[in-house]
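First chain written, first letter: the chains are A, B and C, and each begins at residue 1.
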Amino acid sequence: MTVDYIFILDLIGVIAFAASGVLTAMRKRMDAFGIFIVAFVTALGGGTLRDVLIDVPVFWMHNTIYLFVIIGTVILSIFFQIKLVRLKRALVFFDSIGLAVFTLIGLERALAAGFSPEICIATGTMTACVGGIIRDILSNKIPIIFHKEIYATACILGGGVYFALKLTPMSGFFISLITLSIIFGVRILAVYHDLKLPSVYAGKK
Amino acid sequence: MTVDYIFILDLIGVIAFAASGVLTAMRKRMDAFGIFIVAFVTALGGGTLRDVLIDVPVFWMHNTIYLFVIIGTVILSIFFQIKLVRLKRALVFFDSIGLAVFTLIGLERALAAGFSPEICIATGTMTACVGGIIRDILSNKIPIIFHKEIYATACILGGGVYFALKLTPMSGFFISLITLSIIFGVRILAVYHDLKLPSVYAGKK
Amino acid sequence: MTVDYIFILDLIGVIAFAASGVLTAMRKRMDAFGIFIVAFVTALGGGTLRDVLIDVPVFWMHNTIYLFVIIGTVILSIFFQIKLVRLKRALVFFDSIGLAVFTLIGLERALAAGFSPEICIATGTMTACVGGIIRDILSNKIPIIFHKEIYATACILGGGVYFALKLTPMSGFFISLITLSIIFGVRILAVYHDLKLPSVYAGKK
(Lines give C-alpha, C1' and ligand atoms only; values in the text may rest on other atoms or scores of the structure.)
Protein backbone atom coordinates (compact mmCIF):
# COMPACT_ATOMS: atom_id res chain seq x y z
CA MET A 1 0.00 0.00 0.00
CA THR A 2 2.92 2.35 0.71
CA VAL A 3 3.98 2.00 -2.90
CA ASP A 4 0.56 3.11 -4.11
CA TYR A 5 0.29 6.33 -2.21
CA ILE A 6 3.89 7.29 -3.10
CA PHE A 7 3.04 6.57 -6.73
CA ILE A 8 -0.02 8.86 -6.61
CA LEU A 9 1.99 11.64 -4.96
CA ASP A 10 4.67 11.04 -7.61
CA LEU A 11 2.13 11.61 -10.39
CA ILE A 12 0.88 14.76 -8.64
CA GLY A 13 4.50 15.96 -8.57
CA VAL A 14 4.92 15.14 -12.27
CA ILE A 15 1.77 17.10 -13.13
CA ALA A 16 2.85 20.10 -11.03
CA PHE A 17 6.38 20.12 -12.45
CA ALA A 18 5.05 19.70 -16.01
CA ALA A 19 2.65 22.61 -15.45
CA SER A 20 5.49 24.81 -14.22
CA GLY A 21 7.37 23.88 -17.40
CA VAL A 22 4.33 24.85 -19.50
CA LEU A 23 4.08 28.25 -17.76
CA THR A 24 7.79 28.99 -18.27
CA ALA A 25 7.72 27.91 -21.92
CA MET A 26 4.59 29.96 -22.64
CA ARG A 27 6.18 33.08 -21.21
CA LYS A 28 8.92 32.59 -23.83
CA ARG A 29 6.21 32.20 -26.54
CA MET A 30 7.39 28.71 -27.52
CA ASP A 31 5.28 26.63 -29.89
CA ALA A 32 3.29 23.55 -28.81
CA PHE A 33 6.26 21.23 -29.24
CA GLY A 34 8.63 23.46 -27.32
CA ILE A 35 6.08 23.65 -24.50
CA PHE A 36 5.82 19.88 -24.40
CA ILE A 37 9.59 19.36 -24.30
CA VAL A 38 10.10 21.88 -21.51
CA ALA A 39 7.24 20.26 -19.55
CA PHE A 40 8.77 16.84 -20.19
CA VAL A 41 12.28 17.65 -18.98
CA THR A 42 11.02 19.67 -16.02
CA ALA A 43 8.96 16.70 -14.85
CA LEU A 44 11.36 13.86 -15.72
CA GLY A 45 14.84 15.42 -15.93
CA GLY A 46 15.73 14.95 -12.28
CA GLY A 47 14.63 11.32 -12.12
CA THR A 48 16.41 10.58 -15.39
CA LEU A 49 19.73 11.91 -14.10
CA ARG A 50 19.19 9.98 -10.85
CA ASP A 51 18.65 6.69 -12.68
CA VAL A 52 21.66 7.25 -14.96
CA LEU A 53 23.89 8.07 -11.97
CA ILE A 54 22.82 5.10 -9.85
CA ASP A 55 22.85 2.97 -13.01
CA VAL A 56 19.34 1.51 -12.98
CA PRO A 57 16.86 1.52 -15.92
CA VAL A 58 15.41 5.00 -16.50
CA PHE A 59 11.98 4.90 -14.81
CA TRP A 60 9.78 6.59 -17.44
CA MET A 61 11.22 4.44 -20.25
CA HIS A 62 9.52 1.44 -18.66
CA ASN A 63 6.23 2.98 -17.62
CA THR A 64 4.41 4.97 -20.30
CA ILE A 65 1.97 6.49 -17.81
CA TYR A 66 4.47 9.32 -17.19
CA LEU A 67 4.52 10.21 -20.89
CA PHE A 68 0.72 10.29 -21.07
CA VAL A 69 0.30 12.22 -17.83
CA ILE A 70 2.61 14.91 -19.22
CA ILE A 71 0.85 15.00 -22.60
CA GLY A 72 -2.46 15.36 -20.74
CA THR A 73 -1.06 18.12 -18.53
CA VAL A 74 0.23 20.06 -21.53
CA ILE A 75 -3.07 19.79 -23.42
CA LEU A 76 -5.13 20.82 -20.39
CA SER A 77 -2.69 23.63 -19.58
CA ILE A 78 -2.95 25.02 -23.10
CA PHE A 79 -6.76 24.85 -23.01
CA PHE A 80 -7.04 26.52 -19.64
CA GLN A 81 -4.04 28.78 -19.90
CA ILE A 82 -5.76 31.94 -18.71
CA LYS A 83 -7.05 30.14 -15.66
CA LEU A 84 -3.61 28.58 -15.14
CA VAL A 85 -2.14 31.93 -14.25
CA ARG A 86 -4.88 32.38 -11.65
CA LEU A 87 -4.03 28.93 -10.34
CA LYS A 88 -0.52 30.03 -9.41
CA ARG A 89 -1.20 29.63 -5.72
CA ALA A 90 -2.42 26.06 -6.25
CA LEU A 91 0.61 25.36 -8.44
CA VAL A 92 3.01 26.31 -5.65
CA PHE A 93 1.13 23.86 -3.46
CA PHE A 94 1.41 20.98 -5.95
CA ASP A 95 4.97 21.94 -6.84
CA SER A 96 5.91 21.62 -3.17
CA ILE A 97 4.30 18.17 -3.05
CA GLY A 98 6.39 17.26 -6.08
CA LEU A 99 9.54 18.58 -4.45
CA ALA A 100 8.95 16.51 -1.32
CA VAL A 101 7.99 13.29 -3.13
CA PHE A 102 10.77 13.50 -5.71
CA THR A 103 13.33 13.98 -2.93
CA LEU A 104 12.00 11.01 -0.97
CA ILE A 105 11.93 8.76 -4.04
CA GLY A 106 15.48 9.83 -4.95
CA LEU A 107 16.68 9.12 -1.41
CA GLU A 108 15.09 5.69 -1.31
CA ARG A 109 16.19 4.60 -4.80
CA ALA A 110 19.80 5.54 -4.03
CA LEU A 111 19.62 3.84 -0.64
CA ALA A 112 18.20 0.69 -2.25
CA ALA A 113 21.13 0.77 -4.70
CA GLY A 114 23.52 0.71 -1.76
CA PHE A 115 24.89 4.26 -1.65
CA SER A 116 26.06 6.11 1.48
CA PRO A 117 23.71 8.59 3.24
CA GLU A 118 25.53 11.68 1.92
CA ILE A 119 25.27 10.44 -1.65
CA CYS A 120 21.59 9.51 -1.10
CA ILE A 121 20.84 13.05 0.09
CA ALA A 122 22.67 14.46 -2.95
CA THR A 123 20.72 12.08 -5.21
CA GLY A 124 17.37 13.01 -3.62
CA THR A 125 18.12 16.71 -3.98
CA MET A 126 19.11 16.25 -7.62
CA THR A 127 15.97 14.25 -8.37
CA ALA A 128 13.89 17.15 -7.08
CA CYS A 129 15.90 20.10 -8.43
CA VAL A 130 17.48 19.17 -11.77
CA GLY A 131 14.21 19.33 -13.73
CA GLY A 132 13.70 22.97 -12.79
CA ILE A 133 17.33 23.77 -13.58
CA ILE A 134 17.08 22.31 -17.11
CA ARG A 135 13.73 24.09 -17.58
CA ASP A 136 15.40 27.41 -16.94
CA ILE A 137 18.43 26.63 -19.10
CA LEU A 138 16.15 25.69 -22.01
CA SER A 139 14.44 29.05 -21.53
CA ASN A 140 17.82 30.83 -21.53
CA LYS A 141 17.62 32.03 -17.93
CA ILE A 142 19.94 31.60 -14.96
CA PRO A 143 18.16 28.85 -13.00
CA ILE A 144 15.82 30.53 -10.55
CA ILE A 145 16.73 28.15 -7.74
CA PHE A 146 20.29 29.52 -7.83
CA HIS A 147 19.37 32.96 -6.61
CA LYS A 148 15.82 33.33 -5.50
CA GLU A 149 14.31 30.52 -3.53
CA ILE A 150 14.84 28.15 -0.66
CA TYR A 151 14.36 24.98 -2.58
CA ALA A 152 17.29 22.61 -2.46
CA THR A 153 17.77 23.65 1.14
CA ALA A 154 14.41 22.06 1.97
CA CYS A 155 15.49 18.84 0.21
CA ILE A 156 18.84 18.64 2.00
CA LEU A 157 17.17 19.32 5.35
CA GLY A 158 14.56 16.62 4.68
CA GLY A 159 17.29 14.19 3.69
CA GLY A 160 19.20 14.86 6.89
CA VAL A 161 16.10 14.25 9.01
CA TYR A 162 15.37 11.06 7.06
CA PHE A 163 18.73 9.55 7.97
CA ALA A 164 18.59 10.83 11.56
CA LEU A 165 15.21 9.08 12.01
CA LYS A 166 16.60 5.91 10.43
CA LEU A 167 18.75 5.63 13.56
CA THR A 168 15.59 5.45 15.70
CA PRO A 169 13.23 2.45 15.85
CA MET A 170 10.57 4.48 14.01
CA SER A 171 8.74 2.64 11.19
CA GLY A 172 9.57 3.37 7.55
CA PHE A 173 6.08 4.76 6.95
CA PHE A 174 6.44 7.45 9.62
CA ILE A 175 9.98 8.32 8.58
CA SER A 176 8.69 8.90 5.04
CA LEU A 177 5.75 10.94 6.32
CA ILE A 178 7.93 13.18 8.48
CA THR A 179 10.48 13.65 5.69
CA LEU A 180 7.74 14.62 3.23
CA SER A 181 6.18 17.03 5.76
CA ILE A 182 9.47 18.77 6.49
CA ILE A 183 10.37 19.34 2.85
CA PHE A 184 6.82 20.43 2.01
CA GLY A 185 6.60 22.64 5.10
CA VAL A 186 9.94 24.39 4.68
CA ARG A 187 9.20 25.08 1.02
CA ILE A 188 5.68 26.44 1.67
CA LEU A 189 6.88 28.59 4.57
CA ALA A 190 9.73 29.92 2.42
CA VAL A 191 7.34 30.88 -0.38
CA TYR A 192 4.75 32.59 1.82
CA HIS A 193 7.25 34.42 3.99
CA ASP A 194 9.59 35.17 1.09
CA LEU A 195 12.50 33.55 2.90
CA LYS A 196 15.87 33.48 1.23
CA LEU A 197 19.22 32.04 2.13
CA PRO A 198 21.34 34.63 3.94
CA SER A 199 23.57 36.60 1.60
CA VAL A 200 27.08 35.25 1.31
CA TYR A 201 28.47 38.43 -0.16
CA ALA A 202 30.91 40.52 1.79
CA GLY A 203 31.04 44.28 1.48
CA LYS A 204 28.59 46.62 -0.20
CA LYS A 205 25.88 45.32 -2.50
CA MET B 1 22.53 -4.66 -47.38
CA THR B 2 19.85 -2.74 -45.49
CA VAL B 3 22.38 -1.98 -42.80
CA ASP B 4 24.75 -0.48 -45.35
CA TYR B 5 22.39 2.04 -46.89
CA ILE B 6 21.14 3.12 -43.45
CA PHE B 7 24.78 3.55 -42.39
CA ILE B 8 25.53 5.77 -45.40
CA LEU B 9 22.42 7.87 -44.77
CA ASP B 10 23.48 8.04 -41.10
CA LEU B 11 26.86 9.47 -42.08
CA ILE B 12 25.14 11.98 -44.40
CA GLY B 13 23.02 13.02 -41.42
CA VAL B 14 26.10 13.35 -39.20
CA ILE B 15 27.80 15.54 -41.81
CA ALA B 16 24.72 17.73 -42.22
CA PHE B 17 24.18 18.10 -38.46
CA ALA B 18 27.88 18.82 -37.91
CA ALA B 19 27.79 21.47 -40.65
CA SER B 20 24.79 23.14 -39.02
CA GLY B 21 26.78 23.16 -35.77
CA VAL B 22 29.72 24.78 -37.55
CA LEU B 23 27.48 27.50 -39.01
CA THR B 24 25.90 28.28 -35.63
CA ALA B 25 29.27 28.35 -33.84
CA MET B 26 30.81 30.59 -36.49
CA ARG B 27 28.01 33.10 -36.18
CA LYS B 28 28.98 33.35 -32.48
CA ARG B 29 32.67 33.87 -33.51
CA MET B 30 33.87 30.81 -31.60
CA ASP B 31 37.43 29.57 -32.06
CA ALA B 32 38.34 26.36 -33.93
CA PHE B 33 37.89 24.19 -30.84
CA GLY B 34 34.52 25.70 -29.94
CA ILE B 35 33.36 25.11 -33.52
CA PHE B 36 34.44 21.48 -33.33
CA ILE B 37 32.68 20.87 -30.01
CA VAL B 38 29.42 22.43 -31.20
CA ALA B 39 29.62 20.36 -34.40
CA PHE B 40 30.34 17.25 -32.35
CA VAL B 41 27.42 17.57 -29.95
CA THR B 42 25.02 18.64 -32.69
CA ALA B 43 25.86 15.51 -34.67
CA LEU B 44 26.20 13.01 -31.82
CA GLY B 45 24.26 14.47 -28.85
CA GLY B 46 20.91 12.91 -29.75
CA GLY B 47 22.31 9.43 -30.31
CA THR B 48 24.37 9.66 -27.13
CA LEU B 49 21.33 10.48 -25.00
CA ARG B 50 19.44 7.66 -26.74
CA ASP B 51 22.11 5.09 -25.95
CA VAL B 52 22.40 6.25 -22.32
CA LEU B 53 18.61 6.09 -21.87
CA ILE B 54 18.17 2.65 -23.41
CA ASP B 55 21.39 1.57 -21.65
CA VAL B 56 23.44 0.25 -24.55
CA PRO B 57 27.07 1.19 -25.35
CA VAL B 58 27.31 4.70 -26.79
CA PHE B 59 27.59 4.18 -30.55
CA TRP B 60 30.38 6.63 -31.47
CA MET B 61 32.61 5.39 -28.62
CA HIS B 62 32.92 2.09 -30.48
CA ASN B 63 33.25 3.34 -34.03
CA THR B 64 35.81 6.08 -34.61
CA ILE B 65 34.51 6.83 -38.10
CA TYR B 66 32.00 9.28 -36.55
CA LEU B 67 34.81 11.26 -34.89
CA PHE B 68 36.79 11.47 -38.13
CA VAL B 69 33.75 12.34 -40.26
CA ILE B 70 33.05 15.28 -37.93
CA ILE B 71 36.70 16.42 -37.90
CA GLY B 72 36.65 16.28 -41.70
CA THR B 73 33.39 18.22 -41.87
CA VAL B 74 34.71 20.94 -39.57
CA ILE B 75 37.96 21.33 -41.55
CA LEU B 76 36.16 21.45 -44.90
CA SER B 77 33.54 23.82 -43.51
CA ILE B 78 36.21 26.24 -42.25
CA PHE B 79 38.02 26.11 -45.60
CA PHE B 80 34.90 26.68 -47.64
CA GLN B 81 33.02 28.86 -45.20
CA ILE B 82 32.00 31.54 -47.68
CA LYS B 83 30.60 28.93 -50.01
CA LEU B 84 28.93 27.21 -47.03
CA VAL B 85 26.53 30.11 -46.64
CA ARG B 86 25.57 29.79 -50.28
CA LEU B 87 25.03 26.08 -49.71
CA LYS B 88 22.27 26.75 -47.21
CA ARG B 89 19.64 25.29 -49.50
CA ALA B 90 21.65 22.07 -49.84
CA LEU B 91 22.19 22.00 -46.09
CA VAL B 92 18.45 22.01 -45.43
CA PHE B 93 18.21 19.05 -47.78
CA PHE B 94 20.94 17.06 -45.99
CA ASP B 95 19.69 18.17 -42.59
CA SER B 96 16.28 16.73 -43.44
CA ILE B 97 17.90 13.45 -44.47
CA GLY B 98 19.66 13.43 -41.10
CA LEU B 99 16.41 14.15 -39.28
CA ALA B 100 14.67 11.23 -40.99
CA VAL B 101 17.51 8.74 -40.58
CA PHE B 102 18.26 9.66 -36.96
CA THR B 103 14.58 9.22 -36.09
CA LEU B 104 14.39 5.83 -37.80
CA ILE B 105 17.61 4.61 -36.14
CA GLY B 106 16.36 5.82 -32.74
CA LEU B 107 13.02 4.05 -33.25
CA GLU B 108 14.66 0.80 -34.26
CA ARG B 109 17.32 0.78 -31.52
CA ALA B 110 14.67 1.38 -28.83
CA LEU B 111 12.40 -1.27 -30.37
CA ALA B 112 15.29 -3.75 -30.45
CA ALA B 113 15.88 -3.01 -26.75
CA GLY B 114 12.29 -4.01 -26.02
CA PHE B 115 10.58 -0.69 -25.35
CA SER B 116 6.92 0.12 -26.02
CA PRO B 117 5.90 2.00 -29.21
CA GLU B 118 5.26 5.31 -27.38
CA ILE B 119 8.71 5.21 -25.79
CA CYS B 120 10.27 4.23 -29.13
CA ILE B 121 8.69 7.27 -30.81
CA ALA B 122 9.94 9.48 -27.97
CA THR B 123 13.42 7.94 -28.32
CA GLY B 124 13.45 8.41 -32.11
CA THR B 125 12.38 12.02 -31.75
CA MET B 126 15.05 12.69 -29.12
CA THR B 127 17.73 11.07 -31.27
CA ALA B 128 16.88 13.49 -34.05
CA CYS B 129 16.23 16.66 -32.03
CA VAL B 130 18.48 16.76 -28.97
CA GLY B 131 21.66 17.56 -30.94
CA GLY B 132 20.13 20.77 -32.28
CA ILE B 133 18.81 21.68 -28.83
CA ILE B 134 22.27 21.36 -27.21
CA ARG B 135 23.80 23.26 -30.15
CA ASP B 136 21.53 26.20 -29.41
CA ILE B 137 22.09 26.04 -25.64
CA LEU B 138 25.88 26.06 -26.16
CA SER B 139 25.38 29.17 -28.30
CA ASN B 140 23.27 30.79 -25.59
CA LYS B 141 20.04 30.85 -27.61
CA ILE B 142 16.56 29.51 -26.91
CA PRO B 143 16.53 26.33 -29.02
CA ILE B 144 15.18 27.24 -32.45
CA ILE B 145 13.03 24.11 -32.66
CA PHE B 146 11.02 25.36 -29.69
CA HIS B 147 9.51 28.30 -31.51
CA LYS B 148 10.21 28.40 -35.19
CA GLU B 149 10.05 25.15 -37.07
CA ILE B 150 8.06 22.02 -37.62
CA TYR B 151 10.76 19.58 -36.75
CA ALA B 152 9.91 17.22 -33.94
CA THR B 153 6.40 17.11 -35.33
CA ALA B 154 7.76 15.42 -38.45
CA CYS B 155 9.60 12.86 -36.28
CA ILE B 156 6.54 12.06 -34.18
CA LEU B 157 4.38 11.73 -37.28
CA GLY B 158 6.93 9.42 -38.91
CA GLY B 159 7.11 7.33 -35.75
CA GLY B 160 3.33 6.96 -35.65
CA VAL B 161 3.24 5.83 -39.28
CA TYR B 162 6.08 3.38 -38.61
CA PHE B 163 4.11 1.58 -35.91
CA ALA B 164 0.86 1.74 -37.87
CA LEU B 165 2.59 0.02 -40.80
CA LYS B 166 4.10 -2.57 -38.45
CA LEU B 167 0.52 -3.83 -38.01
CA THR B 168 0.33 -4.58 -41.75
CA PRO B 169 2.17 -7.43 -43.51
CA MET B 170 4.45 -4.88 -45.21
CA SER B 171 8.18 -5.74 -45.28
CA GLY B 172 10.60 -3.95 -42.93
CA PHE B 173 12.39 -2.38 -45.88
CA PHE B 174 9.26 -0.63 -47.16
CA ILE B 175 8.19 0.43 -43.68
CA SER B 176 11.59 2.08 -43.23
CA LEU B 177 11.41 3.71 -46.65
CA ILE B 178 7.92 5.14 -46.05
CA THR B 179 8.87 6.37 -42.57
CA LEU B 180 11.97 8.10 -43.92
CA SER B 181 9.98 9.66 -46.78
CA ILE B 182 7.29 11.03 -44.48
CA ILE B 183 9.74 12.66 -42.05
CA PHE B 184 11.84 14.03 -44.90
CA GLY B 185 8.79 15.19 -46.84
CA VAL B 186 7.02 16.93 -43.94
CA ARG B 187 10.24 18.71 -42.97
CA ILE B 188 11.03 19.87 -46.52
CA LEU B 189 7.44 21.01 -47.09
CA ALA B 190 7.49 22.88 -43.78
CA VAL B 191 10.72 24.70 -44.67
CA TYR B 192 9.67 25.71 -48.19
CA HIS B 193 6.16 26.75 -47.26
CA ASP B 194 7.22 28.30 -43.94
CA LEU B 195 4.74 26.14 -42.04
CA LYS B 196 4.53 26.50 -38.28
CA LEU B 197 2.56 24.80 -35.58
CA PRO B 198 -0.68 26.67 -34.91
CA SER B 199 -0.34 29.22 -32.13
CA VAL B 200 -1.44 27.96 -28.74
CA TYR B 201 -1.72 31.41 -27.25
CA ALA B 202 -5.11 32.77 -26.27
CA GLY B 203 -5.91 36.44 -26.48
CA LYS B 204 -3.98 39.19 -28.22
CA LYS B 205 -0.43 38.69 -29.37
CA MET C 1 52.08 4.53 -4.92
CA THR C 2 51.29 5.91 -8.37
CA VAL C 3 47.62 5.79 -7.51
CA ASP C 4 48.21 7.91 -4.41
CA TYR C 5 49.94 10.80 -6.04
CA ILE C 6 47.41 10.86 -8.88
CA PHE C 7 44.65 10.87 -6.26
CA ILE C 8 46.18 13.86 -4.47
CA LEU C 9 46.60 15.76 -7.74
CA ASP C 10 43.00 14.79 -8.56
CA LEU C 11 41.78 16.38 -5.32
CA ILE C 12 43.84 19.50 -6.04
CA GLY C 13 42.13 19.66 -9.42
CA VAL C 14 38.70 19.22 -7.82
CA ILE C 15 39.44 22.05 -5.38
CA ALA C 16 40.68 24.35 -8.15
CA PHE C 17 37.73 23.59 -10.42
CA ALA C 18 35.26 24.01 -7.54
CA ALA C 19 36.85 27.36 -6.67
CA SER C 20 36.50 28.53 -10.28
CA GLY C 21 32.82 27.53 -10.06
CA VAL C 22 32.44 29.55 -6.86
CA LEU C 23 34.00 32.64 -8.47
CA THR C 24 31.75 32.39 -11.54
CA ALA C 25 28.61 31.86 -9.45
CA MET C 26 29.46 34.75 -7.14
CA ARG C 27 29.87 37.11 -10.05
CA LYS C 28 26.27 36.24 -10.97
CA ARG C 29 25.21 36.94 -7.34
CA MET C 30 23.85 33.43 -6.81
CA ASP C 31 22.84 32.31 -3.31
CA ALA C 32 24.83 29.78 -1.27
CA PHE C 33 23.07 26.80 -2.82
CA GLY C 34 23.55 28.07 -6.37
CA ILE C 35 27.24 28.58 -5.63
CA PHE C 36 27.54 25.04 -4.31
CA ILE C 37 25.81 23.49 -7.34
CA VAL C 38 27.95 25.40 -9.82
CA ALA C 39 31.09 24.39 -7.87
CA PHE C 40 29.88 20.78 -7.83
CA VAL C 41 29.21 20.45 -11.56
CA THR C 42 32.37 22.34 -12.49
CA ALA C 43 34.45 19.93 -10.43
CA LEU C 44 32.61 16.68 -11.17
CA GLY C 45 30.70 17.24 -14.44
CA GLY C 46 33.47 16.09 -16.75
CA GLY C 47 34.23 12.90 -14.82
CA THR C 48 30.52 12.12 -14.54
CA LEU C 49 30.00 12.33 -18.31
CA ARG C 50 33.16 10.23 -18.79
CA ASP C 51 31.89 7.46 -16.51
CA VAL C 52 28.42 7.48 -18.11
CA LEU C 53 29.94 7.27 -21.61
CA ILE C 54 32.38 4.46 -20.84
CA ASP C 55 29.66 2.82 -18.75
CA VAL C 56 31.41 2.38 -15.39
CA PRO C 57 30.05 3.44 -11.98
CA VAL C 58 30.17 7.23 -11.53
CA PHE C 59 33.29 7.84 -9.43
CA TRP C 60 32.03 10.40 -6.87
CA MET C 61 28.92 8.32 -6.12
CA HIS C 62 31.20 5.71 -4.57
CA ASN C 63 33.66 7.96 -2.75
CA THR C 64 32.15 10.68 -0.59
CA ILE C 65 35.47 12.48 -0.17
CA TYR C 66 34.74 14.41 -3.39
CA LEU C 67 31.46 15.73 -1.96
CA PHE C 68 33.13 16.86 1.26
CA VAL C 69 36.13 18.40 -0.49
CA ILE C 70 33.73 20.51 -2.58
CA ILE C 71 31.63 21.51 0.45
CA GLY C 72 34.84 22.52 2.22
CA THR C 73 36.04 24.48 -0.80
CA VAL C 74 32.75 26.36 -1.06
CA ILE C 75 32.69 27.25 2.66
CA LEU C 76 36.32 28.41 2.64
CA SER C 77 35.79 30.33 -0.59
CA ILE C 78 32.80 32.18 0.85
CA PHE C 79 34.73 33.02 4.01
CA PHE C 80 37.79 34.26 2.18
CA GLN C 81 36.07 35.64 -0.89
CA ILE C 82 37.90 38.96 -0.94
CA LYS C 83 41.22 37.20 -0.75
CA LEU C 84 40.03 34.72 -3.38
CA VAL C 85 40.05 37.41 -6.02
CA ARG C 86 43.64 38.24 -5.11
CA LEU C 87 44.45 34.54 -5.40
CA LYS C 88 43.53 34.52 -9.07
CA ARG C 89 47.10 33.85 -10.10
CA ALA C 90 47.29 30.84 -7.78
CA LEU C 91 43.94 29.64 -9.08
CA VAL C 92 45.19 29.54 -12.66
CA PHE C 93 48.09 27.43 -11.39
CA PHE C 94 45.82 24.94 -9.60
CA ASP C 95 43.29 25.00 -12.44
CA SER C 96 46.05 23.96 -14.83
CA ILE C 97 47.02 21.11 -12.52
CA GLY C 98 43.37 20.03 -12.57
CA LEU C 99 43.24 20.25 -16.34
CA ALA C 100 46.30 18.03 -16.70
CA VAL C 101 45.26 15.46 -14.09
CA PHE C 102 41.66 15.23 -15.26
CA THR C 103 42.84 14.64 -18.83
CA LEU C 104 45.26 11.93 -17.76
CA ILE C 105 42.66 10.17 -15.60
CA GLY C 106 40.12 10.35 -18.43
CA LEU C 107 42.64 8.90 -20.88
CA GLU C 108 43.58 6.04 -18.57
CA ARG C 109 40.02 5.15 -17.54
CA ALA C 110 38.92 4.98 -21.19
CA LEU C 111 42.01 2.97 -22.12
CA ALA C 112 41.35 0.55 -19.24
CA ALA C 113 37.79 0.15 -20.56
CA GLY C 114 39.21 -0.94 -23.91
CA PHE C 115 38.57 2.07 -26.15
CA SER C 116 40.70 3.13 -29.13
CA PRO C 117 43.31 5.91 -28.75
CA GLU C 118 41.20 8.54 -30.57
CA ILE C 119 38.24 7.86 -28.30
CA CYS C 120 40.52 7.90 -25.23
CA ILE C 121 41.84 11.34 -26.21
CA ALA C 122 38.28 12.56 -26.73
CA THR C 123 37.30 11.11 -23.34
CA GLY C 124 40.28 12.69 -21.58
CA THR C 125 39.53 16.07 -23.14
CA MET C 126 35.87 15.83 -22.13
CA THR C 127 36.80 14.86 -18.58
CA ALA C 128 38.85 18.04 -18.31
CA CYS C 129 36.63 20.46 -20.23
CA VAL C 130 32.97 19.57 -19.70
CA GLY C 131 32.83 20.86 -16.11
CA GLY C 132 33.80 24.36 -17.22
CA ILE C 133 31.33 24.22 -20.11
CA ILE C 134 28.41 23.35 -17.82
CA ARG C 135 29.59 26.02 -15.34
CA ASP C 136 29.26 28.66 -18.02
CA ILE C 137 25.91 27.36 -19.31
CA LEU C 138 24.48 27.45 -15.75
CA SER C 139 25.66 31.06 -15.57
CA ASN C 140 23.99 31.85 -18.89
CA LYS C 141 27.20 32.58 -20.79
CA ILE C 142 28.70 31.16 -23.97
CA PRO C 143 31.33 28.77 -22.60
CA ILE C 144 34.59 30.71 -22.30
CA ILE C 145 36.66 27.84 -23.66
CA PHE C 146 34.82 28.18 -26.99
CA HIS C 147 36.25 31.56 -27.83
CA LYS C 148 38.95 32.75 -25.50
CA GLU C 149 41.47 30.23 -24.34
CA ILE C 150 43.77 27.45 -25.42
CA TYR C 151 42.39 24.80 -23.17
CA ALA C 152 41.12 21.73 -24.92
CA THR C 153 44.01 22.14 -27.33
CA ALA C 154 46.40 21.43 -24.45
CA CYS C 155 44.43 18.28 -23.56
CA ILE C 156 44.36 16.97 -27.11
CA LEU C 157 48.09 17.64 -27.51
CA GLY C 158 48.83 15.87 -24.21
CA GLY C 159 46.69 12.92 -25.30
CA GLY C 160 48.56 12.64 -28.58
CA VAL C 161 51.92 12.63 -26.82
CA TYR C 162 50.66 10.03 -24.35
CA PHE C 163 49.85 7.55 -27.10
CA ALA C 164 53.03 8.37 -29.04
CA LEU C 165 55.09 7.57 -25.93
CA LYS C 166 53.12 4.35 -25.40
CA LEU C 167 54.82 3.11 -28.58
CA THR C 168 58.21 3.53 -26.90
CA PRO C 169 59.57 1.30 -24.09
CA MET C 170 59.18 4.18 -21.63
CA SER C 171 57.66 3.29 -18.24
CA GLY C 172 54.06 4.22 -17.44
CA PHE C 173 55.19 6.57 -14.68
CA PHE C 174 57.30 8.69 -17.04
CA ILE C 175 54.65 8.69 -19.75
CA SER C 176 52.16 10.05 -17.20
CA LEU C 177 54.65 12.64 -15.95
CA ILE C 178 55.45 13.91 -19.45
CA THR C 179 51.76 14.01 -20.41
CA LEU C 180 50.91 15.99 -17.28
CA SER C 181 53.83 18.39 -17.88
CA ILE C 182 52.85 19.06 -21.48
CA ILE C 183 49.20 19.82 -20.68
CA PHE C 184 50.17 21.94 -17.67
CA GLY C 185 52.93 23.71 -19.59
CA VAL C 186 50.90 24.51 -22.71
CA ARG C 187 48.06 25.84 -20.59
CA ILE C 188 50.29 28.01 -18.36
CA LEU C 189 52.19 29.36 -21.38
CA ALA C 190 48.91 30.14 -23.12
CA VAL C 191 47.60 32.06 -20.11
CA TYR C 192 50.74 34.11 -19.51
CA HIS C 193 51.38 34.90 -23.14
CA ASP C 194 47.70 35.36 -23.96
CA LEU C 195 47.90 32.80 -26.75
CA LYS C 196 44.78 32.02 -28.76
CA LEU C 197 43.97 29.62 -31.51
CA PRO C 198 44.47 31.28 -34.91
CA SER C 199 41.29 32.85 -36.25
CA VAL C 200 39.37 30.65 -38.63
CA TYR C 201 37.31 33.49 -40.04
CA ALA C 202 37.77 34.57 -43.63
CA GLY C 203 37.29 38.15 -44.71
CA LYS C 204 36.86 41.23 -42.57
CA LYS C 205 36.21 41.00 -38.88
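By definition in this document, contacts are C-beta pairs under 8 Å (C-beta built on N, C-alpha and C of every residue); 3 or more make two chains touch, one makes a residue touch a chain.
Predicted model, so just to flag it, every value in this text is computed and none were measured.
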Numbering shared by both copies at the subunit C-subunit A contact, with half separating same from different: different
Cα superposition of subunit A on its sequence copy subunit B - rotation in ° rounded to nearest 5: 120
Inter-centroid spacing, subunit C versus subunit A (mean Cα positions, whole Å): 30
Multi-chain contact sites of subunit B, meaning residues that touch two or more partners: 52, 137, 140
Sites on subunit B touched by subunit C in the complex: 25-26, 28-35, 37-38, 48, 52, 57-58, 61-62, 64, 67-68, 78, 81-82, 137-140
Touching residues on subunit C, where the partner in the complex is subunit B: 52-55, 115-116, 118-119, 122-123, 133, 137, 140-143, 145-148, 151-153, 196-203
